[in-house]
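Take a look at these structures.
Both complexes shown next keep chain A, but they swap its partner, so chain B is in the first and chain C is in the second.
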Partner chain A sequence: MKPLLIALGFAVSGLVYGQVLTDGDEIVAQANLAAYYAGKDSRSEARMIIIDARGREQRRQFTVLRRNLEAGGDQQFLVSFSRPSDVRGTVYLVNKHVGRDDDRWLYLPGLDLVKRISAGDERTSFVGAHYFYEDVSGRGPAEDTHELIATTDQHYVLKHVPKNPAQVEFVSYVTWIDRQTFLANRIEYTNTSGKLYRRVEALETREIDGYPTVVSSRTSDLTNGGYTDMRFRYIAYDLGMPAAVFTQRSLRNPPRQWLKRPDAE
Partner chain B sequence: MTVRSLILLLFVSLSVAAQDDAWDDDWADEEKTGLQWSGFIEGALGSRWDTDSQTGSKGTLRELRARFENDWANDSLAIGFKGDALYDEVIEEFDLKIRDLTLALSPGKNLDIKLGRQVLTWGTGDLLFLNDLFAKDWIGFFAGRDSEYLKAPSNSVRFNLYTNLVNIDFVWTPVFEPDEYLTGERFSFFSPLAGRKVAPDPPLSAVEPTGNLSNGEFALRLFRTINGTEYAVYGYRGFFKQPLGLNVQLLPYFPAMTALGASLRRSQWSGLVNAEVSYYFSRDDSSGTDPLIPNDQLRLLLGFEREAVTNFNIAVQYYLEWTRQHDRLIEHSLAPEFETEEHRHLFTTRLTYRAKMDKLVWSLFVFYSPSDKDYYLRPKLTYRRSDQWTAEAGVSLFAGADKHTFFGQLDDNSNAYVRVRYHF
Partner chain C sequence: MKQQTIQLAIRRPRIIYALMILLTVLLGGQIARISIDTDPENMLSAHQPERVFHNLVEERFGLHDAIVVGLVNKTDPAGIYNVASLSALHQLSGKILTLEGVVESDVMSLAVADNITQAQNGALRFEWMMKEAPVTAGQVQRVAQMVARLPLLTNTLVSADGKAAAIYVPITSKDLSYPLSIEINTLAESLGADGDAWYITGLPVAEDTFGVEMFIQMGISAPLAGLMIFLLLWFFFRSVRLIIAPMVVAMVTIFATMGVMIGLGFTVHIMSSMIPIFLMPIAIVDSVHIMSEFTDDYAPGKDPKAVISGVVEQLFTPMLFTSLTSATGFASLLLTPIPPVQVFGAVVACGILLAFVLTILFIPAYVVRMPVASLEKLGKQPVTDEIDTPLAKFLRRGGSFAFANGKLIAVLTLLVFAAGVAGVMQIQINDNPVRWFKQDHRIRLADRVLNEHFAGTYDAFFVLEYENSAAISKFRQQAEALLTREELTAGSAGLQALINAAAVDPGGYYGRIIAAADDALFAARDDTALALEALLEITESYQLAAKYFQRPDSLAMIEGLQQALMDSGRVGKTNALPDVVKVVNRELHTGDEEHYRVPHTVPAVAETLLQFQSSHRPQDLWHMVTPDLQSTAIWVQLTSGDNQDMSRVMDSLDKYLIENPLPAGVTARWAGKTFINVVWQRTMVAGMLKSLLGAFIVVLLMMALLFRSVLFGLLAMLPLSATILTVYGLIGWTGKYYDMPVAVLSSLTLGLSVDFAIHFIQRMRSLYEQTGSFAETARLIFEAPSRAITRNAIVIALGFTPLLLAPLLPYVTVGVFMASIMVISGVATLVLLPAMLSLSRAVLFRSSGKVR
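This part shows the complex of A and B:
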């Protein structure tokens, strides 16, 4: 029996993993789902260490709640900052829309101010880090054209060109997408002078609640030096978060039930 | 030791600050185990270029401040605290100021209640407030304190009710909480009675409404977001927040006022647009004939902001104050030459440039009124050296063709300031 089971197992995994995709759009669609849509919802705690070009260090700590309205479609994010002390209590709410501008708000507790953030600045620094706002909530696959340029044993290698170059600071970027998990292991951005200037790389991936998850990543500024390391811990999926968690109410009154750390990891 | 030398000491510390980061790397121990204090220590210095003839002083800001913050929460309630210990050398006073001392409850599934001393904000304007009639501290703002201090706390109860149809905010402030207004203590101002700039000593003290319950403030907001557009309507019953009236003894006081308004805000043209309107009913002078009490006013605001290029944002606003029955105001006025124009137009621009990974933020805010022929420029530079050390330097420059207009009266109060902060 055993050899048969093993053979069956190979056959099944061969069907799932052995299939080689050749359509860039299809690969990007899968990668988008793997990176940003795992589970119906998720909770995780993040820590960033920001190292500037001169080696000076800053840190940020926050909890991210996410809920999908539709796989590959609209999503909601709530990011609640706990450190350092001058950003403590700041809450960032995103209603991400596919096909139109996201709606984004920032709550500044010192002024009790609910500030709307304009859609234009998605590719600017997220709270002083080398990550952009767009890296947190994802870039819509329809915003670029995708070309599969190589298929290696481990990766699909794709080149992406923005449809509206005026909106972004890059001319193109290349991603190395893991063929099994569809998580991007590396993303490299090229600027107008043809120079590689920005890299995002996955440093550690784990399977959590059945979903392959990047738990540690780094974004580097290749021109000036400096990088940001981001680590996620206490990750949980499919918690059954209601839509009400992602409303303006949560800016002034953060949903402690969902933000608090589960008893055990 | 003077405040100035203490602040110099803070500067020296800033320039030699080592990486004194005490973050524990063990995440498992990170969860709060008890009360944890955070806050900052700040030194601030600000000065006019010349001695003001009225106040007889140069200094506008000279203070040392320590902020302490804490909060505690369980599943059913939350307690918050923010307080400042402040030595203010300009007025030679040591003060303890509570900014936040609140109890927050969620007694129903859709109801939040926050009770106590708190900072409250709503509305869509940027440094222009139409329906936000919560207390403000313009004096601290003009002197260059952190923009956080523009919003003054009040002792209030806030109810938030969230329903599928509409969300309701209701704030009751049992004892009227006025703005910090110009008293002559720190800044001189124009007195229409005297017909010139004054800095009374003792400082001006306006007559506040008597403390019975009917003299409280009631503020209401109904709001809803539909397809990314935020709609709100507002109501307020209370008093003008500045002492704009004169009583029979010709002492300044806060006339009764009711306001009704509405606003919307949405993404548009890769940026944000906002529009807000409010009508101020001057309850004690609805006919507009009493020269000692302001008339009704219609206030209107239109705003747009967007990122012009990466890390550079431009925001512009147009604001109108339309004084109703202006002809009657002039007819009955004791000093018609100092009365406001029927239409006070105001434009504002905010330019923000963020550099060095947001560590350096250049900002310029301009108020310019073509009808009053006056302006207020606020350039500033904010530097975030580390998670612990931040600094800000800026200028408040007031000027105007006339001495009686809002910004024009302040021209001898133009000042420059610098602040250094250590966060803990």
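This part shows the complex of A and C:
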């Protein structure tokens, strides 16, 4: 299985502490849990700063609600945009499935339109950022083969090769997975010309509610320059969000109770 | 001084030889440091506002020069829509992506195009148009259907008739376009189905290829012309030994002059690559005068030193003046505000003066060192007046005719002048670097074929900018007012700094303030929170207002401009922001044509743009609009790169803008290579006229000074005026475009066509001084002096015929001009001048005879 860092959550199973793993698949399975399945559910606010090769800046701000149906299995996401103000109220609803295509819906308040988004490939840009849709929701570990190529004091270093190369733009990628937290600290992608063209890296990791969490990360376009910084704040886990939050009803009627920023203490 | 120079040459030939060798080695050696520049953009100074803006636009919208690769299938009824052709296109695209120097992410091809469409259940779908080459007819069909739905691709990536497909290959640096085009051509050759043909064009390829071939021509045409001149000289002088001398003068002049130019750090541009071609005839002309007179005067038994010094002395003044006038003609190019033209003019002017000095020094030094036997051979030809060659006989008869029929010739001349002026009035000013190649050149062919199929391989950009500087200061005022309220003063230093920061990038500026205020809000309570919310609200409203080009009304304005561009009749297609918005809007709705329109509200447009950015190629958006949505570019495709066509598009849009002025705060300017070519051509045409007039006046003054007579001065200008009017009149009558090479040749015309007149008048006057008889003068002038003029005219005119074979039209133009200048100014001098002199002899030869 495999990781994509970032993440909307994460977690580490305390059981593997201290052990040295040698099986790539197992490391990836752990990393997948750490990056995307922390807690039963979570709420966080993301702010993305998209910097292009010319240094010009765009921002996006959105709140992510996530609920696991099963650890390492199906999940639900609700992503609601608050800024820039001209796209405020745009909402994505995702039912992530393991082993089959996700179900995705989009609500566009300006056009007053609920639109289903076709599965297609998930390596499209996430709202103009250098992150892909797949980086945000997680790439299924079963989509690649994994090989542990090195174990350092700090990291497991793995090389991943896609099982269906026609669906992706890379030939392979390498991840550096923290041996303590199982969060990927760095991912580097190589394209058909054999060139390193893309990097995702964790800039800051914090423990929140007992879960190591990547709170700041960066994805860089190594060919053209330009990168996106993504920062998560006001993160909370295990809120006990009901399934009703993740229904199509929430597209037009966002669940304010859960989207609202918690009060500062 | 004159005497001393000649004596130095005759007495100390070895010093002269040493000097020549030194010049060649020291200065010629600099040629090794050559650096080549083939970019016509450099026709404009780096500070020229249009060029600065063009570069700014390329940077702002991430635009690169692009090679256009075309695939045309003539046999398949479905055109390129067949498995084999699309596979070939796919394969070549893949290979191109791996080439060094290609801007991978901006390559445009079906193979890397993204498609926005509806999946079965009406779901929005982004998918690669042709991630893998199609293998079934069904897949091919699907690609064809998809392309037809995407106006941004139709006629750009696939021709409307489906016969042709294109790959746009943006490159990191335009001097890579030639090597890359060759590489792509090699890759393409092995690919394709039956009936497939590949074509490669694009302005950068044309320009870079021109540069490469131009240097090949410099190595072929100039030496070939040299060889031809050598053969012609041999025909006239029958002494290889003698005619080596002018060739040496020409060579040393060219090497030294090019060496100085390169040594001073000037790049060798399209213009300056022509310097050898221009210097060669000029360097040879003077030598031919000397040799012609010398062989006529010399007879066995005579002292060669005495003969040569007599000849040189006699020719010194006219040669000095012909050199000065030619140099003036070229130096006048300094008045044309085009840097490479200025360098060219200045360098050729210096080269001409150097050629004069070298001729005066080297030819005598060389002649006196010739073995007596060789000289005797020359002398075996009969002495001056008894020469009886057909040329000599012809000249004698012609001369007496001209002197006898002044009135007839004057009338004829007036007719020629009138016809010339009428022709000049019809001159069509036009240029297009692709036209610098001959009709059958592969670049011309590719250009023709691809522009027949597509909306055009020539690009221009009409760039709109919105600026509302008042908004920022108004915002600052309002924000300050909020910040100074009690509740906010504490802890607002960060916000304060952000508000006062320079707002170079309005997108980033408001965004940072919003983020900071939003963060502050987290910990804020009660009144502070309310104040921060107020600040957020006004900041967001200013941010929204700043995003000018996502307003539906501004998109409608752009659509109006697009329509106006199409209405000019010269534009193949425009691509702009509204096209993107309309396609996305259509697909977000049902995919039906009724939704192919710009939505009515700002948030709705913003949402379409956000969705476009959720595709595989979000970066494509930023070629059309800046992320702050304050500047947008309409990409205009033209099927012709002719400056006339681009000018017409500009004029027609100007008219539209008078009736439909841009909204307040919006400014518009052109950019793009096709536009830049128009700018430098306009600058060039205006500058050349100034140069020509300036040089004409200076030469007139020099003539008056030389002959100490305004009348003689005016007379000397007659053959020159006749030549210019005839040559440019013919250009007008034949409809040949007045382009860059033709413009530059005006200085050559002026500089060279006065030469013969100077020789003729100067010799007339000195003969009259010697003989005191007009009749005798009239007879003698048609002996040696006229033969020298005629030989020169023939040598130079024929000497440049090898240029006619060059594949590059500017070289052909130079060859034709050189011949025309020589023939017309020769005829004008030998016919018009005697006619006018005989008509005005009473005035002109009354006082001047015997006086000096």
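Convention: the second predicted complex is superposed on the first by the 247 of 265 C-alpha atoms of A that agree within 3 Å, B and C clash if a C-alpha of one lies under 4 Å from a C-alpha of the other, contacts with A are read in each partner's own complex, and residues count from 1 in each chain.
Note that in this section contacts are C-beta pairs under 8 Å (C-beta built on N, C-alpha and C of every residue); 3 or more make two chains touch, one makes a residue touch a chain.
Nothing here was measured: the structure is a model prediction, and the numbers come from that model.
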Which partner does A:Arg59 reach: the first (chain B), the second (chain C), both, or neither? both
Which holds for A:Val94: it touches chain B only (first), chain C only (second), both, or neither? neither
Using the touch definition from the top, say if A:Arg116 reaches chain B (first), chain C (second), both or neither. both
For A:Leu183 in the superposed arrangement: first (chain B), second (chain C), both or neither? neither
State whether A:Arg252 touches chain B only (first), chain C only (second), both chains, or neither. first
Can A:Ile27 be said to touch chain B (first), chain C (second), both, or neither? neither
Tell me which partner A:Val200 touches in the superposition: chain B (first), chain C (second), both or neither. neither
May I ask you to decide whether A:Asp86 touches chain B, chain C, both, or neither, giving the answer as first, second, both or neither? both
Which chain A residues come up in both lists, the one for chain B and the one for chain C? 47, 50, 52, 56-59, 61, 83-86, 88, 110-111, 113, 116-121, 123-125, 127-128, 234, 261
Complex contacts: residues of chain A adjacent to chain B: 45, 47, 50, 52, 56-59, 61, 83-86, 88, 95, 97, 101, 103, 110-114, 116-121, 123-125, 127-130, 169, 226, 233-234, 244, 247-249, 252-253, 256-257, 261
Mind listing the chain B positions that touch chain A in their complex? 19, 21, 23, 27, 30-31, 38-40, 69, 73, 75, 78, 104, 106, 112, 118-122, 146-148, 150-151, 160, 162, 167, 225, 228, 230, 265, 267, 270-272, 274, 305-307, 310-311, 313, 354, 356-359, 384, 386-388, 390, 423-424
Considering the complex alone, what residue numbers of chain C touch chain A? 59-60, 62, 94, 97-98, 103-105, 119, 121-128, 131-132, 505, 507-508, 511-512, 514-515, 518, 522-523, 540, 543-544, 547, 550, 585, 588-589, 599, 601-608, 610-611, 613-616, 618-619, 621-622, 626-628
In their shared complex, chain C is touched by residues of chain A numbered 47, 50, 52-54, 56-59, 61, 83-88, 90, 106, 108-111, 113, 115-121, 123-128, 133, 166, 192-193, 221, 223-224, 234, 261, 264
